[in-house]
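Two complexes, one shared chain (subunit A), two partners (subunit B, subunit C).
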Partner chain A sequence: MVKHYEISGTDFANAGEASSDFKAMLKKIGVPTDVIRKVSIAMYEAEINTVIHGQGGYCDAELQPDRVIITFTDNGPGIEDIERAMQAGYSTATDEIRNLGFGAGMGLPNIKKYTDDMQIESEVGKGTTVVLTIKLFK
Partner chain B sequence: MLLSEVCSILDARVITGEDSDVISNIDIHMACGCDLMSDVLAFVKDQALLLTGLMNQQVIRTAEMMDIIAVCFVRGKLPADDVVELAKKRGITLLATEHPLFSACGMLYDNGLRGREHG
Partner chain C sequence: MKVSELAKALELRLISAEGYEDREVTGCYIGDLLSWVMGRAEPGDAWITIMSNINIAAVASLADTACVILAEGVVPDPGVKEKCDMQDIIVLGSDKTAYELAAGYARLT
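This part shows the complex of A and B:
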């Protein structure tokens, strides 16, 4: 089962709608709650990044028999140094973003913590793709 | 601690419209106080109540993702209608108190409610 979501880069108020919808779907299907929690946190962090850093894009979230695979793609500014971006506390967020409650530099490390695999591909000036994999069973 | 007790300790009112029956049936085991949703997402574990001074829709979405069932806004600020509407849709109870964040957390702690310890 695949869900496709368009993600606006200007509508901060609605950021997180994709994560909310996908979470509701997993719940309905009866996916274990600990898995839903991991998916929800990781997906929401990635969705917020797509909005506040990536200027919007799209997301494909797929439930496979043994795993969830979620891809976020944007055509934003890209990430110059991915290793650095992965460090806890590193953030390029503006004061405006901080005032909205984000920009602690914790999102990417948090995604890593809650996923079984995380791949980031990024090119400066072109955009960023983040792929998250969460297994349904240990 | 029942959510109804939280309300009376903080002199808080319910702004999502649940009646007293409903809030006296919600049991809160742990709480957290935070204005930064990044930190809530990164550090909160099983806390069911969030106290915050932040007032936007992402507070509700963060609560939704973290299975936080009640949010208490502090310092007498009230969220806009769209925030209240979203909370209602998601089944999250909203409270509002005049007390500032630090004091509100302290009052609940004094009455036995705990947060997450370090580690």
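This part shows the complex of A and C:
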């Protein structure tokens, strides 16, 4: 099963809608709560990054028999140094964004922590694709 | 402990709609940086914050906190209460500091 979501790059009020919707679907299907928790945290962080850094894009969230695979794609500015971006505390968020509670530089570390696999592909000036994999079973 | 018991003991104001205060509180987390809250708050925590913007709704819902307690007399921004009500998120308010609220919670457990 695949769910497709468009993610606005300006609509902060609805940031998190995709994650909320996919979480509700997993809950309905009866996916274990600890798996749902991991998906929710990782997906929200990636979704927010797509909004605030990636200037919007889209997300495809797929439930496979043994795993969840979620892809976020944007045509934003890209990430120059992925290794540095992955470091806890590193953030390029503006003051305006920080005032909303973002910009701790913990989003990508959270994604790493709560997924079984995370792949980032990015090209400066072109955009960023983030692929998250979370296994349903140990 | 139920949210209603916590609210009564700490004299919290109920900001969101009534009807969900039976929910169990099993812990407490203080934080205003949303990624810290996402990564560190446990399901069932009472989340104490001074953040008042719309994003607290998504975080509270996705992190499965038992309730949000706005400290220091902070009131939610316009539209936040409505969004929280739609998602069954309990929002409480207090003039106490985050420290006083957490210490109050600790005394109850």
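Assume the second predicted complex is superposed on the first by the 138 of 138 C-alpha atoms of A that agree within 3 Å, B and C clash if a C-alpha of one lies under 4 Å from a C-alpha of the other, contacts with A are read in each partner's own complex, and residues count from 1 in each chain.
The working rule: a residue touches a chain if its C-beta (ideal position, glycine included) is under 8 Å from a C-beta of that chain, and two chains touch if they have at least 3 such contacts.
No experiment lies behind these values; they were computed from the predicted model shown.
The superposition on subunit A brings subunit B into a clash with subunit C.
In the superposition on chain A, A:Glu45 makes contact with both subunit B and subunit C. By the touch criterion defined above, A:Met106 reaches both subunit B and subunit C.
Applying the stated contact rule after C-alpha superposition, one finds that A:Arg37 touches each of subunit B and subunit C. Of the two partner chains placed by the overlay, subunit B and subunit C both lie in contact with A:Ser19. Overlap of the subunit B and subunit C contact sets on subunit A: residues 12-13, 15-16, 19-20, 23, 37, 40-41, 44-45, 48, 100-107, 109-110. Those residues of subunit C lying in contact with subunit A across their complex are 32-36, 38-39, 43, 51, 53-59, 61-64, 79, 83, 87. Residue ranges on subunit B touching subunit A, taken from their complex, read 35-39, 41-42, 54, 56-59, 61-62, 64-67, 82, 90.
Those residues of subunit A that touch subunit C in the complex are listed here as 12-13, 15-17, 19-20, 23, 33, 37, 40-41, 44-45, 48, 100-107, 109-110, 113-114. Residue ranges on subunit A touching subunit B, taken from their complex, read 12-16, 19-20, 23, 37, 40-41, 44-45, 48, 98, 100-107, 109-110.
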